[in-house]
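Letters A, B, C and D name the chains as they come in the text, with residue numbers starting at 1 for each one.
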Amino acid sequence: MSVARRPAGGARAALPARAKVDLSVRVGPLRLKNPVVAASGTFGYGTEFLPYLKLADLGGFVTKGLSMRPRRGNAPYRTCETAAGMLNAIGLANVGVEAFIAEKLPALRGHDTVVIANVFGETLDEYVAVARRLNGAAGVHALELNLSCPNTEKGGLAFGVSPPVIREVVGAVRRAAPDLPLIVKLTPNITDIAEAARAAREGGADIASLVNTFLGMAIDLRTRRPVLDNVVGGLSGPAIKPLALAMVHRVHREGGLPIIGMGGISGPEDALEFMLAGSSAVQVGTANFYDPTAGVRIVEGIEAWCRKEGVSRVADLTGTLRLPPGRGAASTSA
Amino acid sequence: MSVARRPAGGARAALPARAKVDLSVRVGPLRLKNPVVAASGTFGYGTEFLPYLKLADLGGFVTKGLSMRPRRGNAPYRTCETAAGMLNAIGLANVGVEAFIAEKLPALRGHDTVVIANVFGETLDEYVAVARRLNGAAGVHALELNLSCPNTEKGGLAFGVSPPVIREVVGAVRRAAPDLPLIVKLTPNITDIAEAARAAREGGADIASLVNTFLGMAIDLRTRRPVLDNVVGGLSGPAIKPLALAMVHRVHREGGLPIIGMGGISGPEDALEFMLAGSSAVQVGTANFYDPTAGVRIVEGIEAWCRKEGVSRVADLTGTLRLPPGRGAASTSA
Amino acid sequence: MPVDLPAPIVRHERLNPEHFLLTLEAPAIARVAKPGQFVMLQTRDGFDPLLRRPMSVARVLPGRRRIEILYKVVGRGTRYLSAQPAGACLRTLGPLGNGFRPPAKGRRPVLVAGGVGIAIFPFLADDLRRRRLRPRLLFGARRKADLVGLEFFRSRRVPIAVATEDGSAGTHGFVTRLLEPLTRPGAEPAELYVCGPTPMLRAVGALAVQAGIHCQLALESPMPCGIGVCLGCVVACTPDAQGPIYRRVCTEGPVFDAGAVVL
Amino acid sequence: MPVDLPAPIVRHERLNPEHFLLTLEAPAIARVAKPGQFVMLQTRDGFDPLLRRPMSVARVLPGRRRIEILYKVVGRGTRYLSAQPAGACLRTLGPLGNGFRPPAKGRRPVLVAGGVGIAIFPFLADDLRRRRLRPRLLFGARRKADLVGLEFFRSRRVPIAVATEDGSAGTHGFVTRLLEPLTRPGAEPAELYVCGPTPMLRAVGALAVQAGIHCQLALESPMPCGIGVCLGCVVACTPDAQGPIYRRVCTEGPVFDAGAVVL
């Protein structure tokens, strides 16, 4: 969103039309050819998008969340459209880590892109087992831990809402998968997400990715029932962008980890705003549903914007948001 | 939102065209002629809407948040439109409790509606002082405590994010204003809002109102600055409806207080969904901005729906959401 | 392979207060589409509604450059869509889904439509006639006004039987009443192609399974992506030892054998 | 008293690629509107965009049943608005705001427009001429193409001076250059009416205050409600001992004395 205001202080000259913009970014130990990564659960296992884009044109993609055994997920309805967003309660359906390694990974060979495996479990042991299994797997470049999963040993409360639990799970996974960059994906359903990020760092995480979906609900007035068979689901899409942006800003200032930001990104401007707020890279989720070419469109848009604005290295944008004097620390209230 | 499903079990016959629907509701000690209340900060001091509706046609309205001394609020920009929502950081500008009593209250005499005074402070003492001052004031029918206000004695952290602080503030206000129904307005920027509701009940609250705005942020890519001078602001409007609905559902099941629900309500269907989820009454906020007649339109729509569905008392709808078997407790995860 | 393209609206005709016929210029889709497949259609710019809407390819026009979509206004997306003028461009993704299978040898194709479910059949009817198979149409709707597109089938001499719930046209009652003759001993062996609201699919499917008639159901489900990645559109299929099996209506369907799904 | 009504679009004319002239049937608003007032206009159905957009009443047509709105497409809302066909109905709330004050005795009204700020002046010009006051127009814009609505003022014999930033028409430079003569000693005493982008208001206001010329600025600000309740549209005014004072542009403005606001 842009507001009629005085233009930026040092407005730079545009780059020459053919000048190359360096789109590559480093996120902790992770190197990406550009900052745009397709988000878990919205990009299948990658090959589904081959009709619409070259995987090599993306910075990378994250697989659907993987568990030890295959999971069939929840009964329908699993999704529901809301105002500028959608709810989902898929129930973490996936082929399981073995089938992923045996059937999905080979199909990705030759596609020059970064493959990030999204990992979850219902118990700490399952997290560890899945991570250990992936640690060896050729073609997996990083792990992303989904901490929004309900902890069956703690009465279904999500792992990610308790800093001590975060520290424990991340630490255990870190030891189980020492060779891979470790991304910890934070849940936004928490009072202070920066505290969760610090717990992840203490557990040994290399990178924080945020945000996962917000807990939400939809009701069918005609039947007087919840729309989702699971009653509640996760909200994603443009509706949550302002919330995600505030959390990225906060974690950037007080979380102490490099950030992969996401939440409602649907165009290059959104992605660039997340970078100004402190993201080193971004993920694109729901947008893949209403525009299967969203990822590449955003990469191209970022490059065009950088050229226009005279930005020669996109990585230089991270955290360069200009704050009003005396507005250093992110306020916690409106 | 409505989904193609088998219609409700006991689909009832419509009421005769002229049959009266009883729209009155009880919310704890509070009686309202209908369940639709205009929300704080979106309805001024009431009289601003006289060109567009009869105050007597609403269940009631909540004043702009009142502090001990007048406040001028934040510098512009104070608001920013987002996808199906808006951010605001007004900075709690208001005329102050004395001017409210001297100038605003008298103008409300003769308008047969319930006036709820919204109260905030930067310190516990300010909350208490404002509440005590209003306790006597003729024409004030209830208090609503805004706990989303930053606590200057606790480093600007909002009062409402800490259950012990909630208990303390609510208790003190309860003693300072013993004669008025006490509504405690909960912030959604917390891991478990039901815990906040229980803390409010223990402090002596009669009613929980939820939700206040979600912490969000917008960035002006052109200037590379936050849009809001306050950097962050509160998100409201249809975008947050699924989140608010889930929180109302949760507080209804585990919060132990009667509920006034709100968050993105823009039509009668939204209001009815909040009632099914457990609200005894609802508040309408942002909708007053894009439709100054929203409140009465929603009251009329609720009555029409009740007639069509054969519901003779709207109060009977509260908490009647039909849950799938075995889905009693609200899941905490998608 | 499906493609995503901006499709200009060539024609947008209002058939009656609720039903519209939309003609899109979409050569890359028209060339490869098969009967029973669908597209994911943008209804208007912006984030409201956020998601595209699944719509059957009602017909591929001669020349295979244009497709027709027949739709009913049921909510926001279709209402906004109905306001799109000719000349406007709508992102269109397709063709998607498995489509119908040809009838088994010696079986007479019988198209069974409920309401706007008729939208999926013009394409199939033309295709079957090209293969010299003589389709029949059984069309059930709430009332006479909902019987849209009949002219198309009449002009192609497709035998038609009609049922309306209010009796305003044809047999009084549900479309299932028109199926009874097919279940009688000695009736001509049929292959049913069924599209309509879920309760109707449930009823027809049950009847067919019971009578041992081949029956292909074209299912509906809310579809965020249409390409098999969100796992949101699943339908419950016959369970195995580990419990229910869920299949994606968008990629493993929308056409399923009546015996395979639990509606 | 302002009213909120569904206003049918009578006419919707594209003046050039970016500028549109909208005619609305809104008798209750047309009857009472004053120059400098505005309406809150719905741009399309649904939640995107969520809020209405403030638009000046560019003109009240003879008969006082219809109003004209002259707007420029700058973002989502105005883009969607530009797609609204004649016949469509837009919720319209107004008239709102304080409007312009008549010029002080013996002062020549000078209308100073920047870009689409011109939209506010046709109504004022007609009103001043009715009062036998002879307005002049100083019109600054980025380029020739942005000089919309000139015919209106020509047809009413309003003296016009033009400046463009790229020199494609009139004086080369900002509109402030056209103001310089007014600041010279012995110049005809003027009452400035100014509308345009904030930087232009800032420059003209400063110049006027310094030269002691009466100057009424019509401000812009994002406006969620337009009726004074959200407190979102404030402008900083001359501070007092306790610091800055904020006034609502929607109800205490949009017209402020140049000396009163800090832009």
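By our rule, a residue touches a chain if its C-beta (ideal position, glycine included) is under 8 Å from a C-beta of that chain, and two chains touch if they have at least 3 such contacts.
Everything numeric here is computed off the predicted structure, so don't read it as measured data.
The chain with its CA mean position farthest from that of chain D is C. Rounded to whole angstrom units, the spacing between the C-alpha centres of chain B and chain C is 45. Our note on geometry: chain A versus chain C, Cα centroid distance of 36 Å, whole angstroms.
The distance from the centre of chain A to the centre of chain B, each centre being the mean of the chain's C-alpha atoms, comes to 32 Å. Residue positions of chain B touching 2 or more other chains: 2-3, 6, 77, 80-81, 83-85, 88, 90, 237-239.
Residues of chain C in contact with at least two other chains: 47-48, 222. Chain contacts here are complete: no pair of chains fails to touch. Only residues 1-4, 42, 47-52, 91, 93, 221-222, 224-225, 227-236, 242-246 of chain C touch chain A when the two sit together in their complex.
Of all residues in chain B, those touching chain C in their complex are 2-4, 6, 83-84.
Of all the residues in chain B, the ones that touch chain D in their complex are 41-44, 48-49, 51-52, 64, 72-73, 75-81, 83-86, 88, 90, 93, 237-239, 266, 286, 288-293. Against chain A, the residues of chain D that register as touching in their complex are 47-48, 75, 197-199, 220, 222.
Contacts from chain B toward chain A in the complex involve residues 1-3, 5-8, 77, 80-85, 87-90, 148-150, 156-158, 161, 189-192, 213-227, 229-235, 237-243, 245-246, 249, 264, 269, 272-273, 276-277, 305, 320-324, 327, 330-334.
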